[in-house]
Amino acid sequence: MIPEEVLRVAEDIREMRVRGASRIARAAVEALLLAAEKYQGSDPGDFALYMRRVAEVLVSTRPTAVTLPNAVNYVVSALRGARGSVEELRGLVVERCRSFISYIDSALDRIAEIGSRVLSSGDVVLTHCNSLAAIKVIARAHERKGLSRVYATETRPRFQGLTTYRMLSQAGVEVVLIPDSAVRYVMREVDKVVVGADAIAANGAVVNKIGTSLIALAARERGVDFYVAAETYKFSPYTLIGELVEIEEREASEVVPADLLAKHPLLSVRNPAFDVTAPEYVTGIITELGVFPPAAAALVLREMYRSEPGAEAPALVRGVEEE
Amino acid sequence: MIPEEVLRVAEDIREMRVRGASRIARAAVEALLLAAEKYQGSDPGDFALYMRRVAEVLVSTRPTAVTLPNAVNYVVSALRGARGSVEELRGLVVERCRSFISYIDSALDRIAEIGSRVLSSGDVVLTHCNSLAAIKVIARAHERKGLSRVYATETRPRFQGLTTYRMLSQAGVEVVLIPDSAVRYVMREVDKVVVGADAIAANGAVVNKIGTSLIALAARERGVDFYVAAETYKFSPYTLIGELVEIEEREASEVVPADLLAKHPLLSVRNPAFDVTAPEYVTGIITELGVFPPAAAALVLREMYRSEPGAEAPALVRGVEEE
Amino acid sequence: MIPEEVLRVAEDIREMRVRGASRIARAAVEALLLAAEKYQGSDPGDFALYMRRVAEVLVSTRPTAVTLPNAVNYVVSALRGARGSVEELRGLVVERCRSFISYIDSALDRIAEIGSRVLSSGDVVLTHCNSLAAIKVIARAHERKGLSRVYATETRPRFQGLTTYRMLSQAGVEVVLIPDSAVRYVMREVDKVVVGADAIAANGAVVNKIGTSLIALAARERGVDFYVAAETYKFSPYTLIGELVEIEEREASEVVPADLLAKHPLLSVRNPAFDVTAPEYVTGIITELGVFPPAAAALVLREMYRSEPGAEAPALVRGVEEE
Amino acid sequence: MIPEEVLRVAEDIREMRVRGASRIARAAVEALLLAAEKYQGSDPGDFALYMRRVAEVLVSTRPTAVTLPNAVNYVVSALRGARGSVEELRGLVVERCRSFISYIDSALDRIAEIGSRVLSSGDVVLTHCNSLAAIKVIARAHERKGLSRVYATETRPRFQGLTTYRMLSQAGVEVVLIPDSAVRYVMREVDKVVVGADAIAANGAVVNKIGTSLIALAARERGVDFYVAAETYKFSPYTLIGELVEIEEREASEVVPADLLAKHPLLSVRNPAFDVTAPEYVTGIITELGVFPPAAAALVLREMYRSEPGAEAPALVRGVEEE
Amino acid sequence: MIPEEVLRVAEDIREMRVRGASRIARAAVEALLLAAEKYQGSDPGDFALYMRRVAEVLVSTRPTAVTLPNAVNYVVSALRGARGSVEELRGLVVERCRSFISYIDSALDRIAEIGSRVLSSGDVVLTHCNSLAAIKVIARAHERKGLSRVYATETRPRFQGLTTYRMLSQAGVEVVLIPDSAVRYVMREVDKVVVGADAIAANGAVVNKIGTSLIALAARERGVDFYVAAETYKFSPYTLIGELVEIEEREASEVVPADLLAKHPLLSVRNPAFDVTAPEYVTGIITELGVFPPAAAALVLREMYRSEPGAEAPALVRGVEEE
Amino acid sequence: MIPEEVLRVAEDIREMRVRGASRIARAAVEALLLAAEKYQGSDPGDFALYMRRVAEVLVSTRPTAVTLPNAVNYVVSALRGARGSVEELRGLVVERCRSFISYIDSALDRIAEIGSRVLSSGDVVLTHCNSLAAIKVIARAHERKGLSRVYATETRPRFQGLTTYRMLSQAGVEVVLIPDSAVRYVMREVDKVVVGADAIAANGAVVNKIGTSLIALAARERGVDFYVAAETYKFSPYTLIGELVEIEEREASEVVPADLLAKHPLLSVRNPAFDVTAPEYVTGIITELGVFPPAAAALVLREMYRSEPGAEAPALVRGVEEE
């Protein structure tokens, strides 16, 4: 009996009407909040079961997203070992949902603050795709110190570069759009690269929009600093125990228009959504807890997943252990 | 009084209806042939002047192309110091035109032959954009030994990857199309890269379709051999004396659809047509004279530009000296 | 009055009849257990002294082994500050011995579990020498997902490659034996390297069978991931305070047959048993606590040596401080 | 009413009569001690205010030094939330001053001890400028094991190499002085590099005397280990939250004699005092807490700034938070 | 009717009783000389046919050797287009044989002379396998300047290191034998590497005993110069036109003793005889014509194969063209 | 009976009153010219002997300079095999002297012309020491296109940076002087490096003022092009046959003022005048014959030393062979 509205959010995530690692996490938590509020029974055990079912439905929509289980586990782990009436349990869940949502916002703000310090007045910055965290860092730095110019990649196949252009030019930043294949061509003029992340592995490897790892190669060749802006709930606890981050491959029609595909029935297309940037190319990961070298990711993860409820970072570990 | 047909060819080159370094060279030489045949006067001095004017018009259509002056100089240098009737001079020009055109074809065939030897049975090959020389190498190797698969980039903004797909699948090669930004993602499966070139500098640097240098970076990271297939008339003699190869930047509308551009009047776009791959990333340059390491380019050039008429490579040096 | 059986174990370790970092640790702890059980006096102070003497004898057998003092210190540190009858003290020692032995087994199992996740279905894996931890990782991965093939080095001078072949083929893995000098030759086909370790230094450097560092160089050149499987009791706490890991050099007769040596009295031979792989070549260290980047080794060590008895990792620090 | 003697110390720091990161920290703490002792009022609130003003004056003398705020914050944070008479508060301050000063000495001694272990008998060592910590490491190692020779750079523009020569030759070490530009020339003979640091950033980057980063490049090229000897109070907590370490540029007259400058009024000179060595060039940072890989700096910082008073490392975090 | 003695030489080459690139070339040319002398007919056309048959037999014995066709083609190309009596043709062949044999000796001597100059007094040198050219370089340098020590690899599976030891110690050089897997372990002490070659490709890649490319990797890591000593008749003209040098794989019984193989019928072994060292790892190729950077190989080849008979280098090109 | 004036020039070279590779060559050739003119005998054999003695005296003044024997051999080789009266022989020598001197000037001008093309409008250029060829390249580029700024190193110990400042500011170039140790600090702003050379080895290695190789390392790290401007008579023909270029070490008093040296009798100083920049760091060598990649140096040398008298480059080979 999962409410319609909750199922609709699940569907939106599955069909990618909700996109971006943070937005997905937020949508899932909002759905959990809604589910908790809509529950009408009075049996505490049934409530726990119901919440767990909702959690499973949400997590299954995008099996390769990292923020999804991180967020959902954080919320439902509040019920583990908890006793009390439905009202009391609901209260626990609601509180977790609210604290997570407010954490998302404050983390982004803190990242903007910290990240703006690594940029200097007059810098030329390059960014890729459309990352909220990276854009906030760039906009805050421009507001504080004035940047010269931002190169934004067009980001094929879905062309998110235009959205980045719109967001940054609203913040008064001068933006130059380039084809993805021109990143090395402009790299000689670039002072720093700032990108976002969909997930961070325990060894500091960064999973982000396809093409990111090429930018990292080109930055390394010129000694250009390469920063990743990412909230700590994008760190994948499962990679600590050896799990690889799975890369989603999407439909051919994003690359080749459907009519052309129809004409070439034998044409095969690969369309990976993300790639993995090795830690040795990453100067620093800008999180709400500070700027870390990628090699520190494993220890950030261990610290996060041992901390108590109410600690600064969400204590996701129980959910993980339980699964 | 340059004939209409000749001016039309010049226009086709300028407007990029004729594209690709070899095709441009061939078109220009065919135009010179036509011009020589159409000439109706009887004053040898006037004929020489006329041919030189035609040459200038042709060379000026794409000031950054290297094959254009190489080809045109080769032909018109036949008139330098030559004496005789218009008929005799026309004969010299016509012979040069024919020898150049047949050289184009035989050079391509020889490159296919030599290049097919550097590929091995079962290889996975990656190519970029739409290079005739690279495609001939791949097709010949597939015919002789059987390749596993070819990754072809879509090649934004003009999408030449689809043409490459068509040409290679006609030769029976299995082709997988990928976005330009996915080259590093598939590189772990690739055995060899084969691309073409628009120009080769004296230090072995390769000017080719934008994105080529990123592929070279990704190949280097995995120890994958990176071959360039190029006729020797793509070697730029001017770089030997320090000239840089100029990179053409094209219109924004190739990157952002015109209607979107209209909506965002402040949006700035850079659209470089080519980039430069440094020689340290190039395993070998497959020419009709053999496979050379890039560092040998300067000496290939010096050898070419001292050789006598009738030598294997077109003796372009006189044209160069004359300019 | 150290019992004969205990001295025999010490002798076996010294004479290398017991080989391999884990097996040495286990043998030493079993000897301590035996020693504790055999003690027949009734003076608690004398028992403590006796146990400390046994510990010293065991540690002195292979002064360069890291697991030996780690294991022995863990056990005898139970007596530090302890009071009670001989029976009570014996109980403390026996419990520590049993917990260490069971820790060895469960750590190996946990490493196999975690390590199997970093390998993928169809992978070609290369391993060196004969490491129990590496073999367990490979065998578990093969059982779960199916590997294509394992390259095992012959591992001169002692030819442990054949033992590796036997152990892996019992697990159903297809093994190809190669000379040590052929590792770079086959590296192009390899997807991942998995080796063991004799010791891990605080900076993440890996001490392992001679030749390991060459494999790491060859892997780096092709961008092949290089994993080390090692229990945390192989981490050397002394390196944290600047001690270098000493490399044992063995007898010439392992390299050149004794009869040939006799014929060439002037022939000089160096036969180092181990080499050091620098941390920048190591993708990850697979421990029972998770997969860590090598730079995390210092902090794993600091964490281990501050933890309380009963913590997941053996609390070796007191022994270390005391020595 | 800040006492004359205290202002004089501030002036000595500002005018660089006191130089070197540790010496500056010590002088500032001694000035705080003096200030506390000289205070003659009886209002606890006024005492706290007075101490804070002294602290501000001291910190402002060299805005780019890292040890200065670290040391001063450690002392004055004792007053935060403290209650009691002036005598009691003065006691808190005095105790903090004394504990910091004794920490400086014991930290240096511990660094010498730990660092001497990473050097081997017979080593040829290269050092730069005049770092107390590096010199102590080298002298202790020579005393224990005997080094072959130390290359000391002359260290333009201020020629601190001669001071290094004097200090090391007093310890019996054979010193060879070389121009700064000859470091790569002698690197083939060098076994290890040991330098000091003015500051360590959260990502492990090392701020030290100009020229240090060139030595690191030359060491990397030959595979020579590059060690940095630095007390943990040189770690910059502000870099953890994104702050860059500012590099002081000094007067032209240090580079070009004043009379020549006068003759060339158009001559422009840049004279940066420090440069930044990227963490990938640093083998290990030798601190009083152990030898760490540079990537561990962020976590050493997090650990330091959460620890309790009385912990081994000064708990500077409160001061930091307060600012 | 090929004489028995000639067939016996062919058999010795095939069965590897004659080993080493130079020794094979010399044996083949001696066999051609013998064949020419033994011919008893009087028909010049038949003589030419006979010599070509002998040549084919010899070349077919080791299809992957490069010196074999280079030497044989040089001799038999004397008959191309030649006219005259059998005696006159025999004279041509005999002269070519003698000039090739004396060329082998003088080339080796010239390589020793030139190569001895790149070594310095007191150098520690590392060599691999058993190369006559490398040994002559080392011995000459020791005679002239005095070397400190030579590390010689044992060179599994056939243990040629012992032969190298014998040859070098006869020349008074101090030799230390090491396992193949210990080359990186001793590299820190090594000043220069000198190895031989079985073949040099047009891009400067060096085909030599398996393990050579690992030594090159270890030398690069420490900035140690890596020299290859090779006569120009080891340069492969076929690689200029794209042919790859084929690597011979030998029998499993060289790696695993036959009795063990018999016991493990499922054991699979790979035993490649050579590997390929990429040109970027080679400091210089020491030939009888001088020391060349590897990138010059293509142009040395082009120069050699255009030179006239009687020129310093054997004019092998005709044989090559003819095949 | 060598004339006083000639001996004085020899003395000036020996005592370094004449400095710089080109100036030394010119001075020596002017001395030969003077010597030829001053000769008063009438015996042709005696004249040849006399000239050879003068040549020997000149060459012996700076045994490590490369341009000195190159220039002197070029002149005196005119006498080899020559017959005729003293007047006729003198004529041969005088002509060679004049042609060499005019070659020096025209080569510099050609280098300026070619080199100016590799710089772009607005470039920031870094140069080292005081190289005439490099300065001409920079000045010509500034005149043609306008450069932004030139960083000139102070160049310890002799401070040639000030001379460079004077020469470049006369040409209207904005110059910023930096300490040698600050080259990496400013490298991020630099577009291209242009330095001179004292000698070029056959493998393309560049011998130049101490510190040059550090600049090359810093340029490589940022992907900055590194050009060397050098006349072809600085190429060392002896390196082709294995000779190493010897590095002169100068007096301690250049580094440490004499009075300080006197006070520290045990202070040891090394003061190498030059260092060697490996070819892999050099983008191109700008010569009067064109821009070559360093790997082409060996073939430029072979070409030069086979060419006939009257060829563009001085035919120095005979002198070389004769020695």
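Per-chain numbering from 1; labels A, B, C, D, E and F assigned in written order.
Here is the rule we go by: a residue touches a chain if its C-beta (ideal position, glycine included) is under 8 Å from a C-beta of that chain, and two chains touch if they have at least 3 such contacts.
Just so we're clear, the structure is a prediction, and the values are computed from it rather than from any experiment.
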D-E or C-E, whichever has more C-beta pairs in contact: C-E
Repeat of interface E-F, chosen from B-C, A-D or D-F - more than half of residue-number contact pairs shared: A-D
Rounded Å distance, chain A centre to chain C centre (Cα mean): 39
Whole-Å gap between the CA centroids of chain C and chain F: 58
Two or more partner chains touched - positions in chain F: 221, 280, 293-296, 299
Complete list of chain pairs which touch one another: A-B, A-C, A-D, A-F, B-C, B-E, B-F, C-D, C-E, D-E, D-F, E-F
Chain F to chain B touching residues, read off their complex: 113-118, 120, 280, 283-284, 286, 290-296, 299
Chain E - residues contacting chain C, complex: 154-157, 162, 165-166, 169, 174-186, 210-211, 213-214, 217-218, 221, 247, 255-256, 260, 264, 266-272, 275
List of chain A residues in touch with chain C within their complex: 202-204, 239-244, 279-280, 293-299, 302
Chain F contact footprint on chain A (complex, rising order): 188, 221-223
